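Across the two complexes that follow, chain A remains constant while its partner is chain B and subsequently chain C.
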Partner chain A sequence: MLKVLIPTIMLFPTIWLTSPKWLWTTTTAHSLLIALISLTWLKWTSETGWTSLNTYMATDPLSTPLLVLTCWLLPLMILASQNHINPEPISRQRLYITLLASLQTFLIMAFGATEIIMFYIMFEATLIPTLIIITRWGNQTERLNAGTYFLFYTLAGSLPLLVALLLLQQSTGTLSMLVLQYSQPLQLNSWGHMIWWAGCLIAFLVKMPLYGVHLWLPKAHVEAPVAGSMVLAAVLLKLGGYGMMRMMIMLDPLSKELAYPFIILALWGIIMTGSICLRQTDLKSLIAYSSVSHMGLVAGGILIQTPWGFSGAIILMIAHGLVSSALFCLANTAYERTHSRTMILARGLQVIFPLTAVWWFIANLANLALPPLPNLMGELMIITTLFNWSPWTILLTGLGTLITAGYSLYMFLMSQRGPTPNHITGLQPFHTREHLLMALHLVPVLLLVTKPELMWGWCY
Partner chain B sequence: MASRLSRIWPTLSRVRLSSALGSRCVSQTPKSSASGAAVASDLQPVSPAAQDSHGHAEVSPFEKNPDFHGFHHHDSFVDEWNMRLAFFFGISVAIVVGGTFIHYLPDHGMRQWARREAERLIKKREAEGLPLMTENYYDPSTIVLPSSEE
Partner chain C sequence: MADYKAASLATRPKTLDPAEYFNLSPEYRRAEEKRAALRAQLKRQYLQQLNNPHRKELIEDPALTRWTYARTNNNYFRPTAKTSLIGGLFGVLPLFVLYVVFKSDRDKRDAKIKAGTYERPYKLST
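Here is the complex of A and B:
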């Protein structure tokens, strides 16, 4: 754990002491080396339990894919932000990268935490850099509203979580996951216990987000600058999924009945947010709602609490993290050239940016869950386990898959095909940086097809 | 609230270590942004020359540097070396070396071992005529249960 955490903390001196000319070069290289070292976590030679273990931090097959995703994302965020942050004064550039690096540190500690309170503190701590990134570097005045929604939705969910965790500590005497995984099932039979159950999960359901408490997401994703959107879509949403999967272990048997309304909300959310996507004019908003849709499927998979549900949830989280981040990067390339997120204004791009059209194509195919990409594998596992729970869910998930394909194709056709308007033809060509960024997003998705057992978690 | 901040900010910004006096606090897209709402006009001074949000004049960087890679607008040396290092560490190191490392990782989660062990046990039990699987993992006669006093 320290072999990644210490280089990540040493990113801060790198950021502040490098000469201005080489700031972005050194931080990109440094964070890519951290990403390389983080791959060592993928070694899982036993068939149970935790590795890289010390008293405070450990990794296990659930947290490892998310940790590697987090470490992989920082260099991508730096690459994506380089162009629009460059004209700012140097100290502000350093501050921006510092915020990204601090997010990375908090996220590593969150996913690697063995004490649930440490996870909680890091969960809350990630809010601050993200809030600063959204409200300070966002591009429209709505960013202030977005920051408020983002902060207070998450806080409103997580303060009950704090109380629930303190109660758990009170009753079991420990909050270490290493110990709680072996504890006896708790006697959960009163209304108070049901409220405690809800308190444990609401924070993560808001973070995922579950349809119904998802309003912060379109605002935050749209108003954030590209690195903010990337980290929000790729990793911060997964904090919710990860938290739920950890807490579920001790919430039985109440979850059998109490999960019902949330599963229904999640499934309904897939349909609703998918339909909203079909009517969007704002490109980033479309991608944001598509994130809600995919996360609804993940939430359903986790709440079902079967091995396939959990595996499917992890696979979908990783695949969606990479693909959603790729889509936000593509949307940002259009935004940096046209200064608008309206889709009609930047259409017919395939004619002038043919290679980029390939990236758009692959990213949209991945988003609509094309086999053999892991997006499909995760979705299929979740749909199967939901069908096993209740055959009626196939109506909702099947329709959801259809609508997902619909809006992904809509996004592709709207941006790439069709007549190229006259004001588009004068746009700047694509930078090598942007092509590299897309390659670094999509090549891991393709490589994961060859070794998916890295993502299957400990259940399968 | 934003206008109040813009009046306090110049004072606050002077406290910083490296001063950047006179620069705008907020990088905003110009008013031509089609999807943005009304830009708060007291935050953005009207710039005399047409500038894009990158603070550059509306000239493509490819004019000055045809080999512009997107990393650094003014210095082509830094731009080129940034590109080389990003590609080297991103693709050659992280993807290729990292991918090779992952490919050669030992049996992930002992799944292949489990399959081999199962086949070995099946072969052994069939050879000895034992059933492939018994209900009791432990011999029931070795388990001592407390009598019904509790």
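Here is the complex of A and C:
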């Protein structure tokens, strides 16, 4: 753990002490090295359970894929931000990369935590750099509204979690996940216990987001600059999923009865947010709502609490993280050229940017869960386990898959196909940096087809 | 010159052929001439921007800006009887319907499992 954490903390001196000419090169190279070191976590020394050298930070098959995803994303975020931050003065550029690096540190500590209270503190800590990135570097006036929604939705959900964790500490004497996984099932039979159950989960459901409390997500994703959108879609949503998976272990047997409203909200949310996607004019808003749709499937899979559900949830989280981040990068390339997120403005791009059309194609195919990509594998596992839970869910999940294919195709056809309008033929061609960014996003997705065991969690 | 085609959905500008206007009032004719002059100015501005060889950015279309603003910042929603009915029908009722469906299905299965009569129809995994 320290072999990644110390280089990440040393990223701060790197940012502030390199000369301005070498700032972006050095930080990208440094973060890429951290990402490569993090790949060593994938070698599990113990068959099941935790790999750790101390009792405070450990990795296990659930947190390792998410940790590798987090570390992989930092160089990609720095690559993506290079263009739009360049005009600013040097200290502000350094500040921006510092915020990204601090987000990285908090996320590594969150995913690697064994004490749930440390996970909670890091969960809250990630809000601050993200808020600063959205409200300071966003491009429209709505960014202030977006920051407010983001902050207060997440805080309102997570304050009950703090109370619930303190109560848990009082009753069991420990909050270490290493210990709690072996504890006796708790006697949960009163209204107070039900409220405690809800308090444990609501924070993560808001973060995922669940359909009823998802309103912060489209605002935050649309108004954030590209690095903010990338980290939000790829990793911060997965914090919610990861937290839910950790807490579910202790929450039986109440979950059998109390999970129904949330499963129903998640499943209905897939269809509702998918349908909203079909009516969007704003490209980033479409990708944001598609994130809500996919996360609804993940939430449903986790709340079912079966091995297939958990495996499917992890696979879909990793695959969705990479693909959603790739789509936001593509949307940003269109935004940097036209300074508008309107879909019908930047249409017919295949004729002028043919190689980028390939990236759009692969990213959209991955989004609509094309076999053999891991997106499909995760979705299929969750759909199967939901079918096992109750056969009626196949109506909702099947319709959801259909609508997902519909809006992914809509996004692709609207942006790439059709006659190229006259007024955009003068746009700048694509930089090598942007092609590299897309390749670094999509090649891991293709590689994960060959070794999905890395993502299966405990059920490998 | 870039190829300029008239927009297929726009109304065609009226000509100023006096023969078409002999039965109309002079005020109307003057208003039509002013409108034609404005249209010609706008067309000239657009064509100048379109054919400028040093242009690197987009030509701004104010109609598109207005349209996106209206579509995204929609303060046009008003809760009326019809919209509340639609909202309740698609947003609230399905949640309760689904709860009833899933709960009854799961309770039936639970009763069968407790009685020992549940046979698994599919072998899903080892």
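Assume the second predicted complex is superposed on the first by the 457 of 460 C-alpha atoms of A that agree within 3 Å, B and C clash if a C-alpha of one lies under 4 Å from a C-alpha of the other, contacts with A are read in each partner's own complex, and residues count from 1 in each chain.
The rule is short, and it goes like this: contacts are C-beta pairs under 8 Å (C-beta built on N, C-alpha and C of every residue); 3 or more make two chains touch, one makes a residue touch a chain.
The shown structure was predicted, so the numbers you read here are calculated from the model rather than taken from an experiment.
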Touched partner set for A:His339, first chain B, second chain C, both or neither: both
Chain B versus chain C as contact partner of A:Trp308, first or second or both or neither: second
Which of chain B and chain C A:Leu265 touches, first, second, both or neither: second
Touching partner for A:Ile90 - first (chain B), second (chain C), both, neither: first
Which superposed partner A:Lys207 touches (first chain B, second chain C, both, neither): neither
Touching partner for A:Lys219 - first (chain B), second (chain C), both, neither: neither
Residues of chain A touched, compared between chain B and chain C (which is higher): B
Contacts of A:Gln428 with chain B and chain C, given as first, second, both or neither: both
Which superposed partner A:Asp282 touches (first chain B, second chain C, both, neither): both
Intersection of the chain A residues that touch chain B with those that touch chain C: 282, 339-340, 342, 345, 428
List of chain B residues in touch with chain A within their complex: 1-2, 16-18, 20, 23, 26-30, 32-40, 52-56, 60-62, 68-73, 75, 78, 81-83, 85-87, 89-91, 93-95, 97-99, 101-103, 105-111, 114
Contacting residues of chain A [partner chain C, same complex]: 260-261, 263-265, 267-268, 272, 281-282, 285, 308, 338-340, 342, 344-345, 384, 388-393, 396, 422-424, 426-428
Residue ranges of chain A touching chain B (in the complex, touch as defined): 21-22, 24-25, 28-29, 32-33, 35-36, 39-40, 42-47, 61, 72, 75, 79, 82-84, 86-92, 136-137, 139-142, 144, 282, 336, 339-342, 345, 428-429, 431-434, 436, 439-440, 443-444, 447, 451, 453-454, 456, 458
Residue numbers on chain C that touch chain A, as the complex places them: 2-3, 50, 55-59, 61, 64, 67-68, 71-72, 90-91, 94-95, 98-99, 101-103, 105-106, 122, 124-125
